Amino acid sequence: MATLAARELADGEVVFVGIGLPNLAANLARATHAPHLVLIYESGAVGAVPERLPVSIGDPALVTGSLMVCGMADVFQLFLQQGRIAVGFLGGAQIDRYGNINTTVIGSYTNPKVRLPGSGGAAEIAIHARRTLVMAKLDRRAFPEHVDFVTSPGQRIAGRTRRELGLSGAGPVKVFTDKAILETDEATGEMVLAALYPGVAVEEVEAGVGWPLARRPRLAAVDPPGALELRVLREVLDPEGLYLGAKGGAPST
Amino acid sequence: MATLAARELADGEVVFVGIGLPNLAANLARATHAPHLVLIYESGAVGAVPERLPVSIGDPALVTGSLMVCGMADVFQLFLQQGRIAVGFLGGAQIDRYGNINTTVIGSYTNPKVRLPGSGGAAEIAIHARRTLVMAKLDRRAFPEHVDFVTSPGQRIAGRTRRELGLSGAGPVKVFTDKAILETDEATGEMVLAALYPGVAVEEVEAGVGWPLARRPRLAAVDPPGALELRVLREVLDPEGLYLGAKGGAPST
Amino acid sequence: MSLRDAVARFVHDGDTVVIEGFTHLISFAAGHEIIRQGRRDLTLARLTPDLIYDQMIGAGCARKLVFSWAGNPGVGSLHAFRRAVEGRGATTLEIEEYSHFGMVARLAAGAARLPFWPLRDYAGTDLPRVNPRIRSVTCPYTGETLATVPALNPDVTIVHAQRADAEGNTQIWGLVGVQREAAFAARRVIVVVEELVDETVIRSDPNRTLIPGLVVDAVVLEPWGAHPSYAQGYYDRDNAFYVAWEEISRDPVKLDRYLDDFVRGVPDRTAYLDKHHGLTARLKAKERRSAGVNYGF
Amino acid sequence: MSLRDAVARFVHDGDTVVIEGFTHLISFAAGHEIIRQGRRDLTLARLTPDLIYDQMIGAGCARKLVFSWAGNPGVGSLHAFRRAVEGRGATTLEIEEYSHFGMVARLAAGAARLPFWPLRDYAGTDLPRVNPRIRSVTCPYTGETLATVPALNPDVTIVHAQRADAEGNTQIWGLVGVQREAAFAARRVIVVVEELVDETVIRSDPNRTLIPGLVVDAVVLEPWGAHPSYAQGYYDRDNAFYVAWEEISRDPVKLDRYLDDFVRGVPDRTAYLDKHHGLTARLKAKERRSAGVNYGF
């Protein structure tokens, strides 16, 4: 997942990074094909070059040697709201048919089955980042037809398009799971099957989502992680295996 | 004028200072009875201790050794609008019967006789400073019944009170001229004669304003500058006599 | 002033309290003192409640929580918070929820004495449905609709910082979060510092001053006062404790025992630190000193 | 990039141009290059037009001026500006006038991509009467009326700074004015610096970075490029020239001769400086270096 997400990042892009797998993906891209990637963390560190794997988005390693540290009012107003962020990463306990993401509550808000952390900066990322990439483990409970609570808006919200709602970014356009890649279909706003990982059957993916999963006319091929990518991940970025093999790794936002 | 204005400042107060006489007055107070006066300049220097007489409110001497330097958005939002400024100083080309101040234009706005600099931060000082002190040379043209343009609101604006207009500070409450001190009468909002300098006749003052000048039942006595005050002014603050004897000395705001 | 005196004097039952610091510079020392003094019915506001508010909730100090992300960063849940909100706990907790941007904007409005702050946010989310304080305003120029949040003006804000002088002129570097906004928005401000420095140190680098003394009511010296949070240039975050909190907070009995052992059971911060053997050796910051700049003219 | 190339590429006839810097760090070098390249119909926006815009107005570059205080600080008038506004000049000048707070708020809104900014201002003043762009909004919480100003988004902002790296990561100390807001609000940004430094210098003190390279289009090295304005830690303000400007600007012929001698008549900044004998000796800053802080963990 980290490898595929990393490949999505073009050199020089400004990426809003959360901890966990998104941080791995962004730093992997920086260490391989995208040395000029600018990493921004919602804590206010811009152009961070963490010497160690940050445990939180407020890790001191994100500050030491960064290009700029600014207040959070600047992060949200001058960077996100201003439209300076090319790519945002999100995870979530629930992602639905239209890419809406729930990190707030399972069950009802007033009488929750499971109370989740909430939005943090997730709502703003999904609204303002020019495009949002999602990482989550494929699981029928995690991919319902409708999320219990819309924390971060997807492609259709109660039937309305992002344009109708005046949302500036493209929103969640791609979901990297442990079995396949889903993409939003421009016409319907639905999440559709775009690529299968080697050895995965379509049925496994269909079984992992709560709606009749449409698919692209041609499924893209997915190259497994290369030697360099694996070495950087295992030896440089996550030698203790904190996140590799970890499931989902939702960013703290 | 500088001496009397200085005596108005209580130790520990936060004073918004302009250049010219207000700067002299504030620094004189700091050097004599009010060592803990906090001087704030609209340029963003807080707790300034200028080693030389600042020629402008953006003088580098206001930065070196100051307690804090902040952006101008902070100056106007966190200090002035927030109500943290106890005393503001203003000057003006015209000050009228109700303490309204004009630093914008003589004549009509669209077809001016004399185009003045404009508000700068003067409007905000007159609106938000808890009280505003004015310094200007007594002169019939400078003290008309009505100013040509209200740059900074006084006690009555087109008949409306500051309370009716929702202005948070007390506004211009005292005017230090070269002959006398005028104060605003709480009941009428008019500028009235409050104190005469030694050797000045009431008629001289009346001749210097463009309206029938009322006066306080008892005029306050005004002590001339003391030896210490004169020494500090002449030897420490303005050895080259840049401002002493200078007339009016409107702050650049 | 001692932290005990500062809390006794400036933090009252029923107050709206903001102890800010985004991961960095969270004043655990102040939170623990508030627990020790048994404050009740507090409205606790913070972007990320973090372990400190989970402990205060567990200790029964809070009536209400105002927040935008309630988790244990990189670890898991704040279980005292979850028990209260999921109705599994001994006490209930009223919540008022925003996104980070909303909380930042609320403090920015409070700091500027504006009644609201406009932002491009919340369209398409369910937050306004559950929080009626999220409203909207129409732009007088473009006619477009913008979301608004109301100003937040805490009764007291507690800021942990690297250093300040006796008057409270406070300098912070590394992550600054919303510390400045939280201080300017508050009626009362307590600054807790790693180092109390001479005024000349502050005046030698005025651009580093984030909070001026004129808004500060009390300055408290409390080295390591942010532990298990961190202070850039002084000590690292105690990530091991954040991980350990998952298990402690999951069990009300263990949480209570923790509070007895490390909070209620100790008279002050010094005693708390004495119970953490080898803390300094484990977390003391390495040297990465910046060069100075010239302020001359 | 050379200043000539930067201006040729990023400043066009008819643009809205912001050269900011409150007394401190005003890029006279850029203003002079714009005059040399004969730009026309510019909308010039600045809180304080200062001598640089008076010169550009005198040179016929400006169609309109957006401002809040148009004087020669501590000296007197900007006479080219006054002639144009008082109808005594060869050219006319459209004006759009605010107070300082209004101009600051316009740039803050532009930087945050908000269409307006709310402020407690203008009640009781005549400014809204002569400027219909000053409007109001009703608070959705308290019902009170607040003044508003519209966002200002310049086509190009030119910032003078003490130092930046090749990517435009820019550090400023001393008075920062509205430099950051002006840069974030602009479609194009030119940064002119006293020193071009290695990225490692910037990274050694990230809290000093005011403008990130990702918003900067061109970085130009131009030592003494702010003269007669100043650069804290590099050189003092040339107050003598500000005083001299009173007489020069009062007479259109003298102003034109000044432009011929020091602006149009020189190819670049180096030649301009060569014509100011003893400038370095007279204005070079004394040493008042701050100490560094520890960024380690």
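For clarity, chains are labelled A, B, C and D in written order, and residue numbers in each chain start from 1.
Everything that follows uses one rule, which is that contacts are C-beta pairs under 8 Å (C-beta built on N, C-alpha and C of every residue); 3 or more make two chains touch, one makes a residue touch a chain.
What you see is a predicted model, and the numbers here were worked out from it, not measured in a lab.
K.L.:
From chain A, count the fewest steps through touching chains until chain B is reached.
P.N.:
Counted as steps through touching chains, the separation is 2.
K.L.:
Under the document's definition of touching, what chains do chain A and chain D have as common neighbours?
P.N.:
Touching chain A and chain D alike, sorted by label: C.
K.L.:
Name whichever of B-C and B-D has more C-beta pairs touching across its two chains.
P.N.:
Taking the two pairs in turn, the one with more contacts turns out to be B-D.
K.L.:
With chain centres taken as the means of their Cα atoms, state the distance from chain A to chain C in Å.
P.N.:
28
K.L.:
What whole-number Å value describes the gap between the mean CA coordinates of chain B and chain C?
P.N.:
Here the centre of chain C sits 40 Å away from the centre of chain B.
K.L.:
Suppose each chain is reduced to the average of its Cα coordinates; what separation in Å results between chain C and chain D?
P.N.:
Their C-alpha centroids are separated by 38 Å.
K.L.:
Enumerate the residues of chain C that touch no fewer than two other chains.
P.N.:
113-114, 119-120, 144, 173-174, 176, 180, 204, 207, 230, 232, 236-237, 285, 288, 295-297
K.L.:
Can you pull out the residues of chain A that are in contact with at least two other chains?
P.N.:
Within chain A, residues 45, 60, 63-65, 69-70, 77, 81 contact more than one other chain.
K.L.:
May I ask you to sort the chain touch graph into line, ring, star, complete or other?
P.N.:
Drawn as a graph, the chains match no named shape, so other.
K.L.:
Which chain pairs here would you call touching?
P.N.:
Result for touching pairs of chains: A-C, A-D, B-C, B-D, C-D.
K.L.:
Which residues of chain D touch chain B in their complex?
P.N.:
22-24, 47-48, 67-71, 73-74, 77, 81-82, 85-87, 97-101, 104-105, 108, 119-127, 130, 144-145, 173-178, 180-181, 230, 232, 236-237, 239, 242, 285, 288
K.L.:
Taking the touch rule as given, give the residues of chain D at its contact with chain C in the complex, in rising order.
P.N.:
Contacts found on chain D: 113-116, 118-120, 133, 135-142, 144, 146, 148, 150, 162, 173-174, 176, 201, 204-205, 207-208, 230, 232-234, 236, 285-297.
K.L.:
Using the touch rule from the top, collect the residues of chain B that touch chain C in their complex.
P.N.:
14, 38, 45-47, 49, 60-61, 63-70, 77-78, 81-84
K.L.:
Which stretch or stretches of chain D touch chain A in the complex?
P.N.:
111-114, 169, 180, 184, 199, 202-204, 206-207, 209, 212-215, 295-297
K.L.:
Quick check: in the complex, which residue numbers of chain A touch chain C?
P.N.:
For chain A paired with chain C, touching residues are 19-20, 42-45, 55-60, 63-65, 69-73, 76-77, 80-81, 104, 109-124, 127-128, 149-153, 157, 160, 162, 165-168, 252-253.
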